[in-house]
Amino acid sequence: MKAGYRKAIVNTNAEIASNIFEIKLSYPKDENFQGQPGQFYMLKAWEALDPFLPRPLSISNIVGDTITFLYEVKGRGTQFISKLHPGHTLELLGPLGNGFDLNIEGNIAIISGGIGIAPMIYLMKSLNKKVDFYCGFRDEAYYIDEIKGYVDSVFVSTENGSLGHKGFITDIFTPEKYDVIFTCGPLAMMEKVWSMCKGKKVYMSMENRMACGIGACLGCTIKTRYGIKRVCKEGPVFSGEEVFFYD
Amino acid sequence: MKAGYRKAIVNTNAEIASNIFEIKLSYPKDENFQGQPGQFYMLKAWEALDPFLPRPLSISNIVGDTITFLYEVKGRGTQFISKLHPGHTLELLGPLGNGFDLNIEGNIAIISGGIGIAPMIYLMKSLNKKVDFYCGFRDEAYYIDEIKGYVDSVFVSTENGSLGHKGFITDIFTPEKYDVIFTCGPLAMMEKVWSMCKGKKVYMSMENRMACGIGACLGCTIKTRYGIKRVCKEGPVFSGEEVFFYD
Amino acid sequence: MIETKVNICEVEFKNPVIAASGTFGFGREYSEYFPLSRLGGISTKGLTLEKREGNEGIRIYETTGGLLNSIGLQNPGIEGFIREELPFLEKQDTVIIANVGGSTIEDYVKAVEKLNETSIDMIELNISCPNVKEGGMAFGIKAETAFEVVSQVRKACKKPLIVKLSPNAENIVNMAKSCVMAGADALSLVNTFSAMAIDIKSRKPVFDNIIAGLSGPCIKPIALRMVYEVSRAVDVPIVGIGGITNYKDAIEFIMAGAWAIQVGSGNFINPNISIEIIEGIEKFMLDEGIKNLEEIRGII
Amino acid sequence: MIETKVNICEVEFKNPVIAASGTFGFGREYSEYFPLSRLGGISTKGLTLEKREGNEGIRIYETTGGLLNSIGLQNPGIEGFIREELPFLEKQDTVIIANVGGSTIEDYVKAVEKLNETSIDMIELNISCPNVKEGGMAFGIKAETAFEVVSQVRKACKKPLIVKLSPNAENIVNMAKSCVMAGADALSLVNTFSAMAIDIKSRKPVFDNIIAGLSGPCIKPIALRMVYEVSRAVDVPIVGIGGITNYKDAIEFIMAGAWAIQVGSGNFINPNISIEIIEGIEKFMLDEGIKNLEEIRGII
């Protein structure tokens, strides 16, 4: 049997860029977090019934007995999480979802947009292969140093030009060099990536509003080439051809 | 114009007896708390909408720029308050209500039952007169040392006999010695006190469920000899003859 | 420049934010927190022909995201109101709406007749209070019964007449149409939902009356749906009510079709809530380039 | 010793806690968290005669103390259910209730006929889904229309028949009586409330269908009132539903008159919630010296 929601303790919770937080948690007993890159947890930082639903966050890293989530404060839920201090507890359920396919061959690129960088750290680490990392941001780049620890080539873009290429990350992405592409970010960006990579393996991490996170409510479904799929169960990782099936 | 809810910062919040907490707060800017003995504040230790209503707590003391509340954890609201750590903020509105009449003459007794002791510390201090203090508890006595700092004679009872008289505080209360009696505690206790003190001035602090705390919703009313009264506005302090008017 | 004014039945509101009946007393208590002149309007505590003491027992009970109340129309009666409260309200430079409750059509009519001769700006007919036996609730369920009372009151009433609808109506759209046909100049909705709570320790209902009225953010999505449906079905101005606690809620109601909104239970968790909502609406209008709320009213 | 068993229409439930339709899939996902045999029963996701893909656009939207959903009866169809899900469910040693939705009486009847030949224990007729055009909702509003569909289904149905009522019914008590008269063996209530939300940035309703269904603790006080009223008005077993997230809520519904309860949205915030509720009920019974839930059923 899987455990339900379990309490974890906040070790650190820091704003690493404007509105972007990194939180590190561990379980009170010395148990380890489970999970593959691309999988996610549902988090509740409240005991009351408002907010009502837990919030999904991708595993950003697992090191020893500590799990890291990287998150952007969007609304009330992430705001509540951002206010937690070391020693505070929150509840989490997971790991959930399918995760990225790690059994791959060939040249690999990772392309993230904004907070889509979150699951990519753990992915890079787990691939344990040579990877080129492309990450685009709007105003402010973050997590570049973490990435550099794992890969040789990091390409950065910002829309305002504050770091790296001024513009979109897809402007400087060179698909011809790669066989496998992992991407996470705004749908429009992922669609662009996919359209640049026809014929290649494109794995993308999808988002949708979730209630249960475990596949029961059918709230998080998307239409795919192979029918209606649950982002929380058959996903969040889908292949590009599954998602962009209209052509 | 009065200020609405204002943020205050937790200095300390400690369990001083089983389920009984003492919380000390100050405003972020060096402003002082206002309020007379017997007045109360409405407290919100939550930003979300569940719990929905603020909780009323009597001023237990004001010293310098710090206010003290003494509270028993009853349900969800007081539980949330009990989990606040130093540095946390909560919001409060007040002072509210009428407070005790301090312009009194004669020999004074204060009689509290359980957490009814909360407003009595500030009362004692403010009376600045010789006072006898009777406090009854169920199992565990608390705040006795705080009281001893202000009065000569403290009479304690516990229902289990763990301190002082074993039984009710009204067993050892000697009404004939006093002209003015202040009381706060379970209604049955206050009624007993009043019945022992006919003809004397008995001031009692009443409780009722509150929504607005400022007299607008008519949720907290009680029937009195002089008509329907709002505990939050015409009270919480009433005279015994107002409340026990049936005879 | 933005314009928050709203004109409802020839009565001009500075802004669309009105304090809801029963949650704002007669304004005195809140006047200690802000000048009442900042409000669009105030709907008074429900008035009955005769003074009432209200209900016994517990009157207020918290629920998830809201509260149950069973106040039971405690009020000083129309004459008490005119004598003791109206002089204060008259001076506040805001629209004064007298909320009128009753048990019989005759009482409603008499109450309204007495208010005709006063300075109040509008009447809000509460045909929907769940907390008094025969407290108008009976009128708020069936469209035909509502038609009857509204028609009679309409004849007697010399002020613009808002009819306040109950969400417990069998069919809110038919109810709305019926009230408009009977002469309502405007509609406000919703009042509280019939609801209850049980004390499992004592094995008794929490309220002496068993049933009480549910209000607060918990009901907002239902209230919003009702305002949307009603605003599409009738041609009179609609005042949206139900769980509004911030400017976003208010804008949702306006986009659903409301001309103005009322803030009820929200006042209990923050006496300045209406002011914050007004300021939030103004900022939203500026940010979104909305000059007049008409531009977004019923836009969805 | 305490006894949590409940017998509803000759079907024995181990305990009064049933997983509510649409919030528990077909049990598979939750079976990873606890043995489904611990539950009193499971009501399946709403089944329609033919497979359905459900609604487009946003399907889930959080509100204060609850959520709006617009799933739209995505399901594998009766035959898909029988083929792919029932074999799994049959093995779980708990009462299996097939929740059946539909758009036409004919569809309902055909669906039920197909289920007659299976091992399912009971049928729960959903005449109240707000999320499908003609998705049964039409049947759930007016007592006369409900009478018609329930009568027809009753004739076709060889299993005990629970009719699930909509809180949007014009008159919940008349609706209940009508369904019982038409042959319902038991009633479950409530389904979700018609409600809505608006995205003020895009100035559009959040849901493609505009209206969605509200559930969760926010609706509990209203649902409880309805269960109370209905349980007093009819003689069949009542299953209480609406916002139950802990054992206290469950006991409230039982004291209001429910024989069993269903847990819906609560599953989303805690997959083990039903187990915690069962254990809480057991502890409450021990603490309060209640041997059998009958002792407190409808006690208020």
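Per-chain residue numbering starts at 1, and chain names A, B, C and D are given in the order in which the chains are listed.
Just so we're on the same page, a contact is a pair of C-beta atoms (placed from the backbone, for glycine too) under 8 Å apart; a residue touches a chain by one contact, two chains touch by 3 or more.
Here the structure is a predicted model, which means the values were calculated and not measured.
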item	value
Comparison of B-D and B-C by number of C-beta pairs in contact, larger one	B-C
Interchain centroid distance [CA atoms averaged], subunit A/subunit B, Å	52
Distance from the mean Cα position of subunit C to that of subunit A, given in whole angstrom	47
Length of the line joining the C-alpha centres of subunit B and subunit C, rounded to whole Å	35
Residues of subunit A touching at least two other chains	49-51
Residues of subunit D touching at least two other chains	63-66, 216-217
Contact graph of the chains (line, ring, star, complete, other)	complete
Subunit A residues touching subunit B - in the complex, by the definition given at the top	46-51, 76, 80, 85, 87
Parts of subunit D lying in touch with subunit C, wherever the complex brings them together	63-66, 68, 170-171, 193-198, 200, 203-205, 210-212, 214, 216-222, 224-225, 228, 243, 248, 251-252, 255-256, 284, 296, 299-300
In the complex, subunit D residues that touch subunit A	22-25, 28-30, 32-35, 45, 53-54, 56, 58-67, 69, 71, 74, 216-217, 245, 265, 267-272
List of subunit A residues in touch with subunit D within their complex	1-5, 44, 49-54, 93, 209-221, 223, 227-228, 233
Residues on subunit C engaged by subunit A in the complex (per definition of touch)	64-65, 217
